[in-house]
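For reference, chains read A, B, C and D in written order, and residue numbers begin at 1 within each chain.
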Amino acid sequence: MLTTHPFDDDKLREECGIFGVAGAEDAAAMTALGLHALQHRGQEAAGITSFDGEHFHTHRALGRVAGNFDNPQTMEPLKGSMAIGHVRYSTTGETALRNVQPLYADLASGGFSVAHNGNISNAVKLRRELVREGSIFQSTSDTETIIHLVATSQYRSLIDRFIDALKKVEGAYSLICMTSEGMIACRDPLGIRPLVIGRLGDSYIFASETVALDVVGAEYIRSVEPGELVVVTGGVLRSHHPFVKMAPRPCIFEHVYFSRPDSIVDGSSVYTVRKAIGAELASENPVEADLVIPVPDSGTPAAIGYAQASGLPFELGIIRSHYVGRTFIQPSDGVRHLGVKLKHNANKPLVDGKKVVLIDDSIVRGTTSSKIVEMMREAGAAEVHMRIASPPTMHSCFYGVDTPEREKLLAAQRSVEEMRQYIRADSLAFLSIEGLYRAVGEAERDDSNPSYCDACFTGCYPTRLTDLEERESPDQFSLLAERVG
Amino acid sequence: MLTTHPFDDDKLREECGIFGVAGAEDAAAMTALGLHALQHRGQEAAGITSFDGEHFHTHRALGRVAGNFDNPQTMEPLKGSMAIGHVRYSTTGETALRNVQPLYADLASGGFSVAHNGNISNAVKLRRELVREGSIFQSTSDTETIIHLVATSQYRSLIDRFIDALKKVEGAYSLICMTSEGMIACRDPLGIRPLVIGRLGDSYIFASETVALDVVGAEYIRSVEPGELVVVTGGVLRSHHPFVKMAPRPCIFEHVYFSRPDSIVDGSSVYTVRKAIGAELASENPVEADLVIPVPDSGTPAAIGYAQASGLPFELGIIRSHYVGRTFIQPSDGVRHLGVKLKHNANKPLVDGKKVVLIDDSIVRGTTSSKIVEMMREAGAAEVHMRIASPPTMHSCFYGVDTPEREKLLAAQRSVEEMRQYIRADSLAFLSIEGLYRAVGEAERDDSNPSYCDACFTGCYPTRLTDLEERESPDQFSLLAERVG
Amino acid sequence: MLTTHPFDDDKLREECGIFGVAGAEDAAAMTALGLHALQHRGQEAAGITSFDGEHFHTHRALGRVAGNFDNPQTMEPLKGSMAIGHVRYSTTGETALRNVQPLYADLASGGFSVAHNGNISNAVKLRRELVREGSIFQSTSDTETIIHLVATSQYRSLIDRFIDALKKVEGAYSLICMTSEGMIACRDPLGIRPLVIGRLGDSYIFASETVALDVVGAEYIRSVEPGELVVVTGGVLRSHHPFVKMAPRPCIFEHVYFSRPDSIVDGSSVYTVRKAIGAELASENPVEADLVIPVPDSGTPAAIGYAQASGLPFELGIIRSHYVGRTFIQPSDGVRHLGVKLKHNANKPLVDGKKVVLIDDSIVRGTTSSKIVEMMREAGAAEVHMRIASPPTMHSCFYGVDTPEREKLLAAQRSVEEMRQYIRADSLAFLSIEGLYRAVGEAERDDSNPSYCDACFTGCYPTRLTDLEERESPDQFSLLAERVG
Amino acid sequence: MLTTHPFDDDKLREECGIFGVAGAEDAAAMTALGLHALQHRGQEAAGITSFDGEHFHTHRALGRVAGNFDNPQTMEPLKGSMAIGHVRYSTTGETALRNVQPLYADLASGGFSVAHNGNISNAVKLRRELVREGSIFQSTSDTETIIHLVATSQYRSLIDRFIDALKKVEGAYSLICMTSEGMIACRDPLGIRPLVIGRLGDSYIFASETVALDVVGAEYIRSVEPGELVVVTGGVLRSHHPFVKMAPRPCIFEHVYFSRPDSIVDGSSVYTVRKAIGAELASENPVEADLVIPVPDSGTPAAIGYAQASGLPFELGIIRSHYVGRTFIQPSDGVRHLGVKLKHNANKPLVDGKKVVLIDDSIVRGTTSSKIVEMMREAGAAEVHMRIASPPTMHSCFYGVDTPEREKLLAAQRSVEEMRQYIRADSLAFLSIEGLYRAVGEAERDDSNPSYCDACFTGCYPTRLTDLEERESPDQFSLLAERVG
């Protein structure tokens, strides 16, 4: 049993990061670096597909980029000047290799490779229809649905078949595709998941976040626009807008937690937004205390913002070990309860006798907030005040983020006061939804037409959820009955 | 570089062995045992799929059955009372896991799993047509063609779709399929590749050879007939004959080399046939000598037959090491030439000063016959006479046997006398095609309608070879451009 | 080539951490946890030996504690209520398993197991003498010398033999030993390396740092005193002082960098000392700037101290990736220069146009300070001022810390101004030795009798260095001529 | 549980094979080949040590030579023109790497490496004395005793120290040692275990059997004589006879089973001796039958001899699978009883209705003889007569052969008639001890001074057995209390 992520385990999880480069020597090596910078978006599997002008070359592996894509034997065969890659956090138990992206298909027009960040909310329905017509699926991934829609489209050119396929799907998707002709990047009409364009010399780069551009030394150009389809062929980038124009609804949680603080998301510095969140939190929920302590590491920028706005000193009251990976398992039952301190340890001489404000980014199940409050008390804290840098997380996400079912979301089941009692803090407060919109630079939330997808806080979903709606129907379609060992 | 199979490397290779059991507790474990007994039919990969009444469970691996299917972690998940399995020798460089069988597809009617021994000689043509209609292939295996034909068939019931698919394919196939309803076993109309039926208690078993029945303690019932389709559902076996009846043409090389000597192939004991071959060889090609020496191990039964018919003593003049697997690589260039003795060593005190008759089953490239003659001479043999227990191998096989291209077949390029000079033997003789037919119990070979497929000796192919015929056409279809690392 | 530790690679490295527990169920599991908390003291190998009342059980492995000591198969055999453990950073290329501790020997009195932090400075001389008398060494570790001295001592009781051995060695050693009778912990007469005593219920615990007590929930009692030898038998702890009393000289660098900030070293909170160092640094070397930026993560406490003392805002101008382990190798030559950003990335929107003060704990070779200054400039920093939280590191350590040879220590070769030019900072300043003593709570450094070992800064070594002195002698003794692959 | 060696598991096991070469380029690679040819003498571990004129290089591994010593990464570091190697079958559960030979020690005179075949029968006593004087043992191997005796000897030159050490040990030893000066090979005064000398160009080779000379293309010169010590330095071979001359007593079981049939042991062809054994067996114990069937593979030469002498046909009634290694474990409990047929299968069409004579080399526990008789009956044999090509094995070996304790030796507990009932054969007969001596070329066995060690048949041990005699003494010395995981 894994017990070493007492704090990180209780987070929402971005499911994927994607990267692509067209027109660069060493395209696969650049992709490995880019995926490495996106590793926080998915640690369970990684894959790279390259194209060398004749063949597509793929390596997929369970686990992280480091260890899988940093040896010459793996990288040498990934030849060519064009490559796409994917990191993945799997939501189901099915971490089988066949679900690891990029996916590939041999179409009549030639090879077609896809990396997808997001979630298709009518994938099960589409899959059922395709199988009835003779399509054979090899994975349980919703992404494969898009490929079969392309393969069976009645249009002639690949680009028309691709647009035809996208018009049939609903939900969230940022996609990077590769054919023998070139690279295609696109973002769903609402732009729910991020995707940026960069440039390095003559090559174009696409990535989920700007940090992946930084790591390869590329210049950040702009985001792919919601509903935009960008094609790179022969070193030239062309933009298409095949969909009816809609008001964008990018995911606001990218600012709260998913994206790295050094990324620029849809034009804003994530670090700056998080500090602004901390300042809003201090202004909405002040507390008399001696120290502001971040829950490391994701709470740190908001804690700095809180400390600067409140005038309280920012201090490291919790020390995080660098050496705890996902893999450390408690060596025996007898010492399992000790696990919480493997990753984080109270800085006892600092905390002893002090009133502390703890800053964390969110509360999901609440299990670990309890442990950290207890750790502060054991270290001698006089008072423990918890401040959360986002509104209560009350609804599941269906757009490519792993959220527990609603009954496991603490905020969906309890009031704030009940939550405070549950975690045994002296006080507990969340940022308001209005405060969050102010921190991202909006005057206020336009409730009839919000400028972000904030469904996890508000339950206001910007698309239909076809598969969810049909789930109670008797005609259950079991996804792929084969279990591969 | 592998140099340790100096003698075995120069053989034709059966490409596959298949096994299936319906209605047995521990079906997957029985399948592992059965595949182990069929290991000589394919050593490069193995796979087992089981069905537990609800889910299909699969494990596929590169390498042998032992080491891959003998640990509880692998076997425990392969639950259920029905299972099929496959061992494979891959003819191309593509030993990727995705080509390892059993193949599986999620059809509209439910799961469908297939293990195939043979080769579809119009698979490339069918594949091209299917891809044009939107089918997406995941492997380069000809077997996948059958599955897509089933998936896209216009018939309603699975059995009708399966028969519809088989009527479109040409070539050699023994198939064992599994659905949630039961097991289907069939053999192509000519019965080129073998397939037998066994029974153990209430369960039915299908296997390429009877030794796989022996190993699980099952009773041998009979062969599946050429063109027969056998269905086991609910513990009951039903026989179908959906094809136009044709005169059978089972592979005669099964008797010469492929099958194990303790198997019964189409009613005859392989050991008895091989001894009869040796006796025919002694009668056709006698020689004055001191000793009859088998080239171990495949030449041994024919050598015993030769010794008994000729009255010469049978002796072990070549000792084979038990410890040479496929994996021993010469540790350095400087000692590479020594490799030949790693696997076989001359029994020098026996051979020294003697006239010896060496008995081998066939000559393919001839490279290793030279080495073994040289080894005998270095050990002091006074004369070395080579006798081959089959006619000269002059033509490629397109029915599931790995043969070199014709220009590499020694007998296709040289006369028997030229071959003798090449291997530097004092004399060389092959069994005649008539002698071979006599050994298998026929009075003679009916040239207008031979009772076996003997194309490797005679060039007389019993089916069309569509893909081969189209190979010169300009509209080349490249199989699967993705290379998976 | 490893290129992913651009900043951490340029550090001095503690060579070892040790842990022992006597009288606890699950002693080996507790030791694994304790070693995990000491992982920063040595990441290249780890080992645990337990005693079950009858047998000693050992597992040693290259690599970290996590991954090697967190599975039941490894831990289950490590039975018993007494265990010691060791983590190691190897200074030489010889990372062979035989050098991994705890070392073990079967003495006439029974089993004897040792874990050692430190370095014996006359080990080569002693070894040469022992080999001449017939002792056979199995490792190149200086620790084995101690064991042979015990084995060949003329005294009768083990404790007398052990004291006899220690009186022959010079240098730094904190040792935890285990025999069938009990546990012995001791610290050299100067107390150069740390060692603390903890208690949990009826069990006694010894560890290099208090964080290892925290992780197992033990209470911190006190440090083992310099020159003290503590014996635990039958649940009772007894203290011995076999050496002539000397003024202690604990290593001051434990406060600067080696120890974790949440540890208490010789009575002081490391975090508090580091903040005091930052404050001293701000007072000695103020600078007009916009932001104080820590070089993560070791520079952070000093940066907080500097920011609080100077009134400048503390900001995260460099973001560290959580996913860079030691193992990530650049996938190809073409992208090798990009490596520096894999681990750290500039927070460009924050830094752009600002005057920044960078706080780092030390400069060793200086190679990476250059890179980080360059990274700040590329991110648009207007001015870059480097402040170092220790005096210039000018001398090698011979007491168990890995230091480069003097010619590679930047401060041994250049003036501060030359160093500034080398790293291309706008200004560079170090903490003074006096400032460092003030930060650890001393009024000043008593130059005739300093209260710490500060040889790396001052060249003032507190012991003889026999092996170093003899190194030029012609009678070279080659350590262990066998290379084990 | 291993169940795949139903027949081979019930054998006595030679514990070791050794090989050395002095003066050859690629010495380690030649050693790997030589060890490969000796693999039947020990399959559990292998090791090679080379000397390059300056350093000794060692690689030791659990498992076979193939897989461990056939890749460039392992072999490349084993540089030098001199190398020794060892294969090992461990008798105890302790297969730890530290017991794998060659052993190595850094003596005052330089490196000293040893490979040993045999067993020192006073090793425990010597070890106890050495430990009392301060020697530290690293293995539980009796061979290490010799090294410590050399290290602590009072003589000056290495060769004198070595002879001094050998004079203190009793038991069986063939040794190959390597120092920086050259190679030493020797055989105990009785010559119990074999050792031969070969030559290839300017290099000398030592090996347990001549097949290891064959594999590297070397010429067989002669056996090392009992009590002879051969030294190769500077390309020159010198012979010493430091011991009092005694009548030799080489192991007679080398001819019965241990050595390969293509080896020459102490001047005789093993194949020829085994055929003579078969002929003696036919003459002493004739039977009316239809077929002579060898229990493969060790029974084959004797079966050929029996068939030729009796005039009955030699036939393959049991077929052995090539693909059963040591590693195949039954995949589940439910099929465990099927295991016996994995490795051997009855050739049913041949055996059915026939009276058969089975020839095996020995009966140890008898467990598998029962199974093979049962297998013949299941295949329809009318009568099953078992003939054993050696006398009943009634006593344990203490000279380097793994024998079960006496209470597990079937022949030590039962009469021949009781054994026949136990294995359920129609008749059972063993070769007489006189017949065995005749087969090896002696007129008869001189009971007062037999020319072979035949203790396993007769209980007549040629040396003292000090450790065995002292075993009941109360002063038990526990070998190495540390268990390494």
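One rule holds in what follows: contacts are C-beta pairs under 8 Å (C-beta built on N, C-alpha and C of every residue); 3 or more make two chains touch, one makes a residue touch a chain.
Everything quoted here is computed from the prediction, not taken from an experiment.
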Farthest-lying chain, centroid of Cα atoms versus that of chain C: B
Chain A and chain C, separation of their C-alpha mean positions in angstrom: 37
Inter-chain centre distance, chain A versus chain D - centres from mean C-alpha coordinates, in Å: 62
Centroid distance [mean C-alpha coordinates] between chain D and chain C, Å: 50
Set of chain C residues in contact with two or more other chains: 74
Overall pattern in which the protein chains touch one another (line/ring/star/complete/other): ring
Contact set on chain B toward chain A in their complex: 49, 54-60, 74, 77-78, 104-108, 110-111, 113, 131-138, 147-148, 151-153, 180, 479-485
Residue ranges of chain A touching chain C (in the complex, touch as defined): 25-26, 28-30, 32-33, 36-37, 39-40, 43, 64-67, 69-72, 74-75, 211, 214-217, 260-262, 264, 269, 271-272, 297, 300-301, 304, 308, 313-316, 319, 321-325, 327-332, 334-335, 338, 341-342, 345-350
